[in-house]
Amino acid sequence: MTISVAVSGASGYAGGEVLRLLASHPDVSIGAITAHSNAGARLGSLAPHLHALADRILVDTTVENLSGHDVVFLALPHGASAAIAAQLPADTLVIDAGADHRLEDSTAWEKFYGSAHAGTWPYGLPELPGHRERIRGSKRIAVPGCYPTSSLLALMPGFAANALAPDDVVIVAASGTSGAGKAAKINLIGSEVMGSMSPYGVGGGHRHTPEIEQGLSAASGLDVRVSFTPTLAPMSRGILTTATAKVSAEIAALEDPASALRQIWVEAYEDEPFVHVLPEGQWPSTKSVQGSNYAAMQIAYDAHVNRVIVCCAIDNLTKGTAGGAVQSMNIALGLAETTGLTFQGVAP
Amino acid sequence: MTISVAVSGASGYAGGEVLRLLASHPDVSIGAITAHSNAGARLGSLAPHLHALADRILVDTTVENLSGHDVVFLALPHGASAAIAAQLPADTLVIDAGADHRLEDSTAWEKFYGSAHAGTWPYGLPELPGHRERIRGSKRIAVPGCYPTSSLLALMPGFAANALAPDDVVIVAASGTSGAGKAAKINLIGSEVMGSMSPYGVGGGHRHTPEIEQGLSAASGLDVRVSFTPTLAPMSRGILTTATAKVSAEIAALEDPASALRQIWVEAYEDEPFVHVLPEGQWPSTKSVQGSNYAAMQIAYDAHVNRVIVCCAIDNLTKGTAGGAVQSMNIALGLAETTGLTFQGVAP
Amino acid sequence: MTISVAVSGASGYAGGEVLRLLASHPDVSIGAITAHSNAGARLGSLAPHLHALADRILVDTTVENLSGHDVVFLALPHGASAAIAAQLPADTLVIDAGADHRLEDSTAWEKFYGSAHAGTWPYGLPELPGHRERIRGSKRIAVPGCYPTSSLLALMPGFAANALAPDDVVIVAASGTSGAGKAAKINLIGSEVMGSMSPYGVGGGHRHTPEIEQGLSAASGLDVRVSFTPTLAPMSRGILTTATAKVSAEIAALEDPASALRQIWVEAYEDEPFVHVLPEGQWPSTKSVQGSNYAAMQIAYDAHVNRVIVCCAIDNLTKGTAGGAVQSMNIALGLAETTGLTFQGVAP
Amino acid sequence: MTISVAVSGASGYAGGEVLRLLASHPDVSIGAITAHSNAGARLGSLAPHLHALADRILVDTTVENLSGHDVVFLALPHGASAAIAAQLPADTLVIDAGADHRLEDSTAWEKFYGSAHAGTWPYGLPELPGHRERIRGSKRIAVPGCYPTSSLLALMPGFAANALAPDDVVIVAASGTSGAGKAAKINLIGSEVMGSMSPYGVGGGHRHTPEIEQGLSAASGLDVRVSFTPTLAPMSRGILTTATAKVSAEIAALEDPASALRQIWVEAYEDEPFVHVLPEGQWPSTKSVQGSNYAAMQIAYDAHVNRVIVCCAIDNLTKGTAGGAVQSMNIALGLAETTGLTFQGVAP
């Protein structure tokens, strides 16, 4: 069986990464490749790394061009994807890498995005409890944000096990610049970012905050609140998330809280193909997961402050966007979940 | 007046940076330059950026070679500096860039460093309350660690004003690789670190933790406990520290906690030559302080979680080590505090 | 059919890249993974990016451990590979990523390597005239050096067509640091290489010089002499080679030498799966080929100095080492030449 | 004496670097700071590294605002600087960091810049024979381009000594991205440039080519022709130039051409404060000169191809632009040539 797939937003980084992965997917035939201002261009002039597709011509991002495929990937600005999605056939699998359909809470959507809420789709993070089942057979999938992917993977086991306090969660994450998109902005040019770390969206204003809280609250049944600070790191790809929360009194009272916590994380992910708790003593690096759909993490318990600290590394474009999207497509279509995805990072 | 200065550990990054700054210091004459395994080498072969000193020959790090100078900078492994310092004349100004004399608590020293405590010297962070006075005229100065410099500058105003809770402090910092020293280790080679973020010393084990707690506790009179996670960033220099703490009930109850907090930080540093709270809306970057003795910071209040978040950028080798050392030397000797130090970062 | 493969030198970058590629090769089963000082270690502790192989234990690099496989990859220091290879069965396909068997001229070998010549094997650059045929069915293959791969691909068409003068070739190449190996050396640590370009092996001393001259001389039947200068660039992977030669009087006398030259290059590679002359106006970048087996190039004619300038980008570890090795393995074994290799670079 | 200085184009990298240097210049008072589209902005919001000038407000780049100063630095697009300069008083020292007044040959100007030639000013590279004298007392100075600075310093000694052939010069240079300016372009964003090397302006089209040929021809009295290829390196600052030329028959016939060549270079620069031929065996790196006005170089003779190869490292923004400009200002005004300039690079 060959699945025909259309990819919109192909001149951006998310769309380009979807194409990179699909080009090696054995069951997929790439149909329409669409763009907005770059329609008419040769893909090779915009994404020269996609050699096998270099001579393909981008067409306009229209319902007409996207129709007639089994699967449509939307890698568009928020708002734009909802508008297109609403017009695509109900039996087409639509996978939205944008934010439009991630949040369940309309109020949170409106507060952080400033527009009307387009509704909620199954959330494409199959590692969260119950989510794999919701994705299976679904015709609409909302791809999680890159920071939420790493943050939720980092903290979900502890919250699902009721081992963490909900009111004292701090997450600081460092992202490669591709997370900011393929945008011609002075603050993103190489001269500015190379050799420099800088924060942004500090103080709770980043749009991924409610998405993280939504996932952790659902996992725990509690009202989890998160202090989230993203930073821009001098690298193209990758997110390193450092997440910490106070440990419950029950765990803290154990003889060996560190081992108990570790066990919670190890068990949560032991059957997951793309998430791995590293052996003790080994900490993750973003390069080790570069270009792969892998999430690598390690946990520590700091008795002095009664906190668990979890560091999780993903590739923001792969597991954090396009890889997660393909993984969800595989599940939705009943393919083997790992088809077309790699476990090996491109390192060094 | 010309001050004669000896610099030990000149083949390392801290010693090299001390020499870089002293080479432009108008009141200083550089005497002995010492090293351990590199004694006998031409400085230019080890530190080719120090053009004006390129033909100087490194001599052995001995009491004899260091004696006879007005000032001696020690940039040696901990233990080594205490051993040398004990033998230097009492009227020589000895400035130790190492850790030996930073901690007041012998128990903390022994726990984190595993050796006998060598005693406590005035701590060379003049921006902390009362510290400038202790440095003035002192003949012994302990240069703060690089992470403590940025962490203490970030959080001191809030603790000094009793505006923050002592039991819920989280600090995540990203450092350039020079912070790990000029060491031939596989995990530090460029192929490994370029394009990669990774954590280390997670879970409270980093030796700078007790130093941060010591400073914040002294500023507040409380038993401040810190969850500190350092990460290695793909850049040579710079530290970006993200520090957060819960805000006191008094502040939180105000109509505008954000402004009240901001006012505390602005007032704390308004007379400081090397610390600046940026205008609202502007966040610091490590590149903006590269090679300078400047600390740039910004604060935000997140009402949703009742936390202050402070981001502080310094150059780990300059304000974080050698610049702070020269600043303290200037104070100790009665020179203008800013002599020989620059306010401008080398950017882009 | 499943081919059993052993990989030696797995803790180095070349060996690690061979494993990364083989892990996705559909026809291969990875047998022994060997190392020298790292024997006994878990692969995941040395090469954490190879997630699927993380729990494999490295064994000693011995003839015994390497025997019994259909294919053996040697990624060892020169000298070591020849010693091992001499003891492996004649019907095992041995692919040497080291230098031992690349040069035909024993005198050049001895001059540049200072040891006895181990003999010459078929040279694994199938894009050179006649080489694909020599590789097919061979049981011994010498993998070209990374600089020679990009330099020979850049200039071969012009020399094979007798369009270039043999006595005026200049090649300047910039390599990522992985080309210098996974070695704990001060000059390779991130603090030294990030933000810095530096040359090495200047003046004809680099060992890849005779290898480049050998290939160009064979292609042209002339005594080609090359001025070759390698430089180290602040990136982990990739080689950008800038190669230039004077153009023959015949070509220079044409009405449109630029088009004539372009035609020579385009025709030389039109049937090659892994080499592409980019459309006019587009220049290659190393990132566009990162992690792929692709070589991207562009040519220009400078009438003012009557020179052709060719810029060729490869990934030094993939097409420049492990990818070329796997490509040659596929040819030698009669598999489709592109099996297990990707055309897409990991970008941005 | 305090010299009043105005700086135009202050929101760009060249203008910002002029300000960075002038802020530490003991004899200078910084007057008007001008910009075009950024007029009205606070300097600190555009150039946050210039802490001491952060609160200065940019004014419009007009003749009126620039008038009334002893010195005016122009860091403007070509064309714009000539237009302004023509209206500034004859007794104001005008230093143009742009290209308008560098070339002597109007035909070359028109070919490469496509506009009318504005005339030729004394060329601000005092290390070229006779140039320091022309700068002294001049009221108009054309600052050399960054590539010409490194290329001319690299090859001038050989051409001035008639030791090199004029028809076979090849220069390949790698520049940091700041050389491309502070421009919001997709090809300059960090995600694109980090981890990547790429060429541009290949085939003789780069505008710095005639400027290099002009300088070398003047030094030798010959018609020197240069093949020049610039490349973009993944770093913010620095140029590494690799320049090579065939050696004259006279030199080649000597018993030790390498020593003879070395002697030529050493003697040419032995009295120069900012140019240094490194000790034998040591090669330059761009980081060793970062932020300094230093040029570091090394030469080699390759007998096999009878070529000299010179590698020269400068900081493109300092010696390559703003530092050279300040050096020329010092000479023109009769100050000590090194005033306000540093010999030490900011490394690592």
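The chains carry the letters A, B, C and D, assigned in the order they are written, with residues numbered from 1 in each.
Definition applied: a residue touches a chain if its C-beta (ideal position, glycine included) is under 8 Å from a C-beta of that chain, and two chains touch if they have at least 3 such contacts.
Chains and their UniProt names: A, B, C, D = N-acetyl-gamma-glutamyl-phosphate reductase.
Please read all numbers here as calculations on a predicted model, not as lab measurements.
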If a chain touches chain A and chain C alike, it appears here: B, D
Most distant chain from chain B by Cα centroid: C
Contact-richer chain pair [A-D vs C-D]: C-D
Separation of chain C from chain D, taking each centre as the mean of its C-alpha atoms, in whole Å: 37
Cα-centroid distance, chain A relative to chain D, in whole angstrom: 45
Residues of chain D whose C-beta touches two or more other chains: 13, 176, 178, 182, 191-192, 194-195, 234-237, 284-285, 287-288, 290, 347-348
Complex interface listing, chain C residues touching chain B: 13, 176-178, 180, 182-186, 188-195, 234-236
Of chain C, residues touching chain A in the complex: 13, 16, 20, 23-24, 42, 44-45, 47-52, 54, 178, 182, 194-195, 236-237, 276, 278-279, 282, 284-285, 287-292, 294, 296, 342-348
Complex contacts: residues of chain D adjacent to chain C: 167-168, 170, 172, 174, 176, 191-192, 194-200, 202-204, 209, 225-227, 229, 231, 233-238, 240, 242, 244, 246, 283-288, 290, 298, 300-305, 307, 309, 311, 313, 347-348
